[in-house]
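To keep things simple, chains are lettered A, B, C and D as they appear, and every chain counts its residues starting from 1.
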């Protein structure tokens, strides 16, 4: 990921979150997104009891599971995608069940650059070293998920570990907009992490939000629920594709403004 | 009275209060008192409803009235006494009933040097000028009765009027000892009146009290209830007379210590 | 202002005329109330009653106890009330409600308990009806580690259980009066076992207890000079606090039961006026209940200081000690007379008076509670009523007066009075 | 110290590990508690709930309202208690009882009412049982001129009429819950017209009212980060006051319901310890009721913040929201869980915990009332119990420790609890 996020350069990243295995997600959609300007993809692994996800992504998980998604199929799907940048999103809980080393090697095999465990530092802080160790072994980039409620000391320490990026979850759960002054939180986090790449996400859907984030110091944004809401519509004709394309372009424009 | 209380001189006065007309009071007793050192006498006029008197003097009044005392007899009795210094004590209320001018001329005729109205300044402050005027007319010396609850400004003003003396009632009523720090009150009053003669009374019965009063700045003391209590005893033999004599001597000694 | 003053102010030497002394009934040749005073009160209090001193030093221990109850108490500004009344007047109030026992009464209770303790008195006794005074004394006795015995009229004892509980928590013994611990009580109970009691009976019981027991003295919540003296800590603080904020009071208001909080509040100002003409345009307004209109309708005569007639007679405005005021919430204002010094000043025209009905006063209390958020005692509400009237006057005439009043106590243990009327 | 601090302290950035975020139940795919938060709370409060800022500025209007309730509140020394216990320890207590509504709850109530007003919200609604929180909110709403609707469990409504009266005096509407103003209430009343209610039902009614009415928001008395944030004004003042007298706390004690007063009291100290090692020998002790022993016997798990389950789940020490504690006087300690930040610090071993029975606590309250003359709320009495134990320990070991505790509220409207036991 360092190639498009070299920290010092002002290049900015538009990342999209999609649930792997959700029938709404297919090569077609991913192509449209890529072509319209999405720089990187984050694929979530569907599960029955997601901890921090909002209703839109939960519904997407359910669709995926009802659609018969399995870990094997998911990794196959990802491997097949011809994408420059992709990472995996799932809970550390889940990976532990499989076995961290095993899980990480699946990730590596799928051609993903890293895996984001949103609960790693919250519920398994003691396993941080182990995570970094395994990342190294699997040639994966460490990525850290934090929230505005993280200790400042820990955030500083994470930055020193030179992750591919830090992912700041702006809201309490995905897709759920709360009246939080995100620009202030981003500014504070930025002040702690120097030029460590900072991507922010959760409930971003509008260009104006993106502009706020960037102005406050984010290097990129992750759009999840907003896209899933769009692509999970019944109607998927040409108007739909056009809308999707325009939407991405508008986000991209905001990002680069 | 100026002859024995010239203000500057340190001569001190022992005054005794007696109720005129009280059968316990007679020439004999007065002689003993005079001979033992009493410098001056204050004669009270018995009445049915005395305002500021304690039980001992009230009883004395009652005895006098039951004994058939009348104003005429009382003044006759006083005129007959061969005493250097005597004053009258009665309520302004009472004198007003008779007519102030008339009453004051009686006083003058009885050979008294002045009259002390304990209620004059309390209940008839407006008649102060009149009192002084009549005193002048009758060649009587003005005397003022005050208490520790008198306004300081008024006390200062009274001193400027150059009375024969100011009589400070130490307690709330005659003969009733309350735990009042008399030395403090005397000192304060003395501070207000310069060298105006200051006699103090009410509930003085012991030499030690007299010493306190004098030390605090009193020029003399008035003993009332204590003497009346003594002379109203049944037993009036030679032991009684001796006691009375010794008692007065002890008071006098304390006064001059 | 960080510390309470270290002296009390005695107005007696500054009065415009001599204070009429206490008296015994002229026709009583047997029993002298003045003579028994030393049986009833600690010596130093009687000394203060008759002192010629203008400033009386507050003993260090009392000063400490004043600090403990939060003295100096805040002088607050009722900005929200001003706004609510849309008045150009400024309204300040001295918060005597913040002490543990909830009213100004504790200022004298602490002094009385201190002197009692100093004189080795084992127990103080008193009467109470609504309970403000009883709680203040119970608190003070707890602070100075002496026993406290409160005779509480049986009707209040049953109807105001919280005040009773509070006193008991402070370690006081609280007896419903008439009780079977005195002759007076026993005789009344014989006639009528559920006798509701009266303040007069309760006083009689307290006084009997003093008379019969060495080491027991009586404590009194108002009227006596020494009580007013102790309360001047309120006014002395207020004066300093006003100075600090550069304010001069145009109008000072307080409620009047026996007169102690009002006198304590205004006397330092009145004294300055009498001595050197300062505050000569300040209006002092005492507010009483129409239920016991001694100032506005009473006579200025000699009357016993207590309803039972055990205390000497004092020259006061009074409705007569046998007058039975209708029951009102502001039990502290049912008192039949006004302290002698205050009476004298009223007589001399230095103090204005006003009287209101319970209904008028409850309305004012409700307004204050709602607007300022502090619940006034029913007694205090009388002062508030007057303040509102004055502030409205200021609005009509567009006068930017500074109104200061004594917030003598809180009504948290009297909330039931609002209950009956809130619904 | 003349003025309250002008910022609140947010401990979240200083915690030793990340604060677990609020969560929805994992298996609920239909209804998100997190999503409805903006329907329930004013925006700025939610923003504070998730702010990364260490210091949050207190708005000028809130600061003014803090001054009006007497902030900075005094830090008093319990000299008489020290003497009574014959301990070499020094005991200080922070007096949160002096505010008009009688407890620390008003510190957050004022902030919540202010933000509501600022966002043009017409009415705040909440639930209350014993009434401390309800009165604090009613007071705050009166101060910021917004409407207040309190659902009070019917049993308390009938048994604690004074609290109800107080709230009404402040202009709040107080409904016995279940009421006929909500679907929840109406359904329950249909089944049982005299339903005694429960806190859960009252919350449901309040939440339903918010959900159905634009311009109505919910106010909450504990647990949420923003509530604890507002309460840090207590600890910030205490820190400054201790500095001014040159004291360092060895032991800091507070009672724990949802944890807001204790957290507000200690967090500024804990924060300094976490940041730069100051106060590293200070012991922090939270005291709960044995009736709801979440800290000493509960589990550290995700649980709803409210007994009704309308709020998101938070990671907390809890006895489970369906646990029904036995009725105790300290209704404020019946809460089923401890605020997330406090829970995390307990888990990390930075905070000690203790639990006492009602009887033990009432004894401590009685001692304090008698010795110090101030009546503690039943909740506060839990802290006092612990303080007495620590002071006794100091006596046995002859240690001159400095013990500081949070006197969270007065018990003047809870006096009945002593009554039952005093006789």
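Simple rule for what comes next: a contact is a pair of C-beta atoms (placed from the backbone, for glycine too) under 8 Å apart; a residue touches a chain by one contact, two chains touch by 3 or more.
It should be emphasised that the depicted structure is a prediction, and the values quoted were computed from it without experimental measurement.
S.K.: If you average the Cα atoms of chain A and of chain C to get two centres, how far apart are those centres in Å?
M.R.: 73
S.K.: Would you mind pulling out the distance in Å between where the CA atoms of chain B average out and where those of chain C do?
M.R.: 38
S.K.: Any idea how many Å lie between the Cα centroids of chain A and chain B?
M.R.: 108
S.K.: Note the residues in chain B that touch 2 or more other chains, in rising order.
M.R.: none
S.K.: When you check chain D against every other chain, which residues touch at least two of them?
M.R.: none
S.K.: What pattern do the touching chains form: line, ring, star, complete or other?
M.R.: line
S.K.: Touching pairs of chains, which are they?
M.R.: A-D, B-C, C-D
S.K.: Would you pull the chain D residues touching chain A in the complex into a rising list?
M.R.: 12-24, 26-27, 29-30, 32, 34-35, 37-38, 43-44, 46-47, 50-54, 225, 312
S.K.: How about chain C: which of its residues touch chain D in the complex?
M.R.: 68-70, 74, 76, 80, 98, 100-102, 139, 142-143, 161-162, 164-166, 168-171, 366, 369-371, 373-375, 412-413, 415-416, 418-419, 422
S.K.: In the complex, go through chain A and note every residue touching chain D.
M.R.: 48-52, 54-55, 58-59, 62, 121-123, 125, 146-154, 169, 171-173, 176-181, 184-185, 188-189
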